[in-house]
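Read from first to last, the chains carry the letters A, B, C and D; within each, the first residue is number 1.
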Amino acid sequence: MTVEQVQDEIIDEFSLFNDWMQRYEYMIELGKSLPLIEKKHKTDDNIIKGCQSKVWVHADMVDEKVVFTADSDAVITKGIIAILIRAFSNQPPQDILDANTDFIDQIGLKEHLSPTRANGLVSMIKQLKLYALAYQTQLN
Amino acid sequence: MKLDLNMIRADFPILSRKVNGQDLVYLDNAATSQTPTQVIDVIADYYQSYNANIHRGVHALSQEATDKFEQARQSIQNHFNIRKSHEVIFTSGTTHSINLVAFGFGTILDPGDEVIVSALEHHANIVPWQMMCERSGAILRVIPMTDDGTLDMHAYKELLNKKTKLVFVNHVSNALGTINPIKEIINNAHKVGAAVLVDGAQACGHIKPNLKNLDVDFYTVSAHKLCGPTGVGMLYGKEKWLNKLPPYQGGGEMIEEVTFEKTTYADLPHKFEAGTPNICGGIAFGAALDYMNAIGFEAIGSHEDELLQYANEQLTQIEGLRIYGDNKQKTAVISFNIDSIHPYDVGTLLDKMGIAVRTGHHCAQPIMDYYKIPGTIRASFAFYNTKDDVDIFVNGVQRAVAMLR
Amino acid sequence: MKLDLNMIRADFPILSRKVNGQDLVYLDNAATSQTPTQVIDVIADYYQSYNANIHRGVHALSQEATDKFEQARQSIQNHFNIRKSHEVIFTSGTTHSINLVAFGFGTILDPGDEVIVSALEHHANIVPWQMMCERSGAILRVIPMTDDGTLDMHAYKELLNKKTKLVFVNHVSNALGTINPIKEIINNAHKVGAAVLVDGAQACGHIKPNLKNLDVDFYTVSAHKLCGPTGVGMLYGKEKWLNKLPPYQGGGEMIEEVTFEKTTYADLPHKFEAGTPNICGGIAFGAALDYMNAIGFEAIGSHEDELLQYANEQLTQIEGLRIYGDNKQKTAVISFNIDSIHPYDVGTLLDKMGIAVRTGHHCAQPIMDYYKIPGTIRASFAFYNTKDDVDIFVNGVQRAVAMLR
Amino acid sequence: MTVEQVQDEIIDEFSLFNDWMQRYEYMIELGKSLPLIEKKHKTDDNIIKGCQSKVWVHADMVDEKVVFTADSDAVITKGIIAILIRAFSNQPPQDILDANTDFIDQIGLKEHLSPTRANGLVSMIKQLKLYALAYQTQLN
């Protein structure tokens, strides 16, 4: 599936819920299936700045696709990074770089899209794209 | 005297707004208090009627603005029971006030001199002193805290000695709400000849301190913590100290004579008020004190105590909930965690329910380090909060916990 | 583009008030500008709708306030054509901005290093540097002025040498209105490797500077000089300089990690924004720039030039009247005296006629010393002033002179 | 004449004028009859602080009465100090100390009575009373 197809899938799933509680509960649920970062990568260097809770992210390149793993000490943040990783992981770096992130708005997390938001969703997206950029540079 | 909460709440337009589709329940008063119409009107009136740069102006607008600004200084003087009006220095807030004093002490302390901070401080009352100690070679000592969030007064007395030059401690801890025994702290410090700075940022919206009786050397306040505007505060300093400290900032108003060879400084309070002050802010600061005094700090205190007790009773029913700093002497602040749930998760869900609390380290990392936690959820009440607010809040915490467990 | 003065004046409620029974004619704009309803409304709306402490707050109000505050930072960035938003530091005004830079340079200069000030400066751009030189052992050199109120650029170039580390000069002189050739000053300073701070307090209400093109190292502004509120301003600094300078004040927000042993500082701009900023003030600062840009700085400039020329023509008819700093490159400021009449006498009589001017040394004693006068009468115009204002003013001066001769 | 009688006299004189221009012109006129301070007393020590213009004041005791002399570099300030001195000079120190200054209001100079006023009328009154206090102490 392309990034866009995964995003559409996520939008479909969230469209089943009609209040924020259900959406958040589902997001928390998704956090539980997050591909967890290996312990040795869970270092201070891999913490994403600007989040009130801690978020660790790691990226590998497997068959010219970027594979992300992550973790967080807060479950909502874990849900958010899980959604982002589901949309971006296992994709060619260039596709990740090109991807837009409007789906965040469409699944009802618009309020998290402010660059000043303490949960750092915008910082997470930036970090994932930075990894993709690094691997893309490697490919060229 | 019971507060007429309907009347009071009508003074605060923001309290009737919606957040995320819910009625706002504002429990982040320790971060900043809300502003009543009476104060907003004073601000608008300033810009509509007599905005002008103050002091030295011979024209009527400048005179009106100067008079109002100086009247505000007197309101502040009266409120805090300060001997002389020129002991009231307008600053841009507590952080500025503390930095002003720290800068000054940096120039008069000798290497090896000791200064004492408490473990319960906001970063604003830690970092300026660390910077000062680096410059002067003075040594920073720390009064340890105990498990119930109070200071170890025995250890404090042990720390005091002839080398101690200054003790700085907050009146009320912003992270826990603990009211420190400042009278005792001051008396003991004075016995060894040390001065005391009390950071009143967190106290000033709840307690009316009598600075003359306290015999404190410095006291700091931020107007935005007592229904006033942002960007203004005060430093009280005893005249003898303010005369001893060098000026902090250079500029207009703080000088008597300027040549390129030599500059002489003006008298108090101008020596410490370089540049155009927050004129409108100072006037609104005075208006905020007038507003709160019209309600009365005694009535405010007992209402807030009631809210605190009620919230405590309700919250402690929640399984796995721990309140930090659960001691007898505190303002209406409850700092807590539930099991291993991250405070950020609870804060986020409460926000979705329209309830504003603060989560995190509250600019008091040493307290978090003491309890070995990344942060807490902090609900902090003001006189305009109600028992209904408490009910909605406790119910919200329960719903959040149910989702997060 | 001609300004629609009727429409513009309707934005400023204060302009239709009476003073001493007369219609106010406000010609003290160099001291502080007036505030339009559009900005007053932004201030009131802040306190009525989303007042909250910013950064780190997870609740909606805090988020809204943070977004608006950061949007204001971007408005400022765009207005001044600044490369990066974190090069915009919110301060409490120009005085604070300059002291921040002077403090920092005090820690990095060596004894014998030279810094250059101009003879045309406001005390805010003199005294902090004198204090800095005392601390660091750096030497203060002065660019002399000439009779027409401009800087002696030849002497300036002579002063520059390899030891010169910093040059500080205002964009526009508040006492005379002279627009300094800052581009030339900057280019020459850069040739010897010196940085340049330009004090834009007096320029910012009249000129829209392009900081990227100027390649200036620091630029300072006070919001109250450009239709914004009191108690807020900005410091622009090139990233490389802001990274090099140490933090000025310690407190909340400016730290990354605090323990009693060691504190690490946060990234720009937070490193220089300790404590709760003037949140409402910052937002209103942005709104003031939006307001002025909607009118347009070109239109503002040409209207003010017209007023200046008209006032000059009228005033010079008065016998014995001398204008100080009567040169070609100036904003709409007229600083003058009449024979041996004391400026205070003229100012007082004009005030009785409802005309607000400033009298005295205008916080620029070195300029007064140069002309060997105790002070001047200064009329300073803004875009909302009219030719009628000029007529009333000139007529008022004539009446005053008749009474005083 | 007592302090009060002189003040009444001044009030009577000013009551003849019905606009501020006439009052100020008269005040400027009164300044011209100010008993001038001797040159040797016109020192920086004798300048009254808080005025935008300079005001020098000196006091002597003659026959147990305080005699003031003064000068100013601004004519309006000179008028103001002249009025004050006319009311206070040649009076026993205790009477000067006891005198109230409501007449200032009544002659239409109320706006000058603010303690923050740059012309320093309030500082002038304070200074005259300080001289009176010094001589009164001498008498006791």
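The rule we apply is simple: contacts are C-beta pairs under 8 Å (C-beta built on N, C-alpha and C of every residue); 3 or more make two chains touch, one makes a residue touch a chain.
Model, not experiment: these values are computed from the prediction.
Listed here as common contacts of chain A and chain B: C.
For the pair chain B and chain D, chains touching both partners: C. Compared on C-beta pairs in contact, A-C and C-D come out with C-D as the pair having more. Inter-chain spacing, taken between the CA centroids of chain B and chain C, is 31 Å. Put simply, the C-alpha centre of chain A and that of chain C have 46 angstrom between them. Taking each chain's centre as the average of its CA atoms, chain A and chain D sit 79 Å apart. Centre-to-centre, using mean CA coordinates, chain C is 39 Å away from chain D.
Residue positions of chain A touching 2 or more other chains, listed in rising order: 52, 118-119. Shared interface positions of chain C, defined as residues touching 2 or more other chains, are 20, 56-58, 60, 344, 348, 359-360.
You'll find the chains touch as A-B, A-C, B-C, B-D, C-D.
Contact residues on chain C toward chain D in their complex (touch as defined above): 20, 342, 344-345, 348-349, 352, 359-360, 374-375, 399, 403-404. Looking at the complex, you find that chain C touches chain B at residues 13-14, 17, 19-20, 24, 26, 28, 31-32, 34-35, 39-40, 43-44, 47-53, 56-62, 92-96, 98-99, 102, 117, 119, 122-124, 126-131, 140, 142, 222, 224, 229-232, 247-255, 257-260, 263, 274-281, 344, 347-348, 350-351, 355-360, 363, 365-366, 369. Of all residues in chain A, those touching chain B in their complex are 20-21, 24-25, 28, 52-54, 73-77, 118-119. Within the complex formed with chain B, the chain D residues making contact are 52, 111, 114-119. Touching chain A in their complex are the following residues of chain C: 54-58, 60, 63, 66-67, 70.
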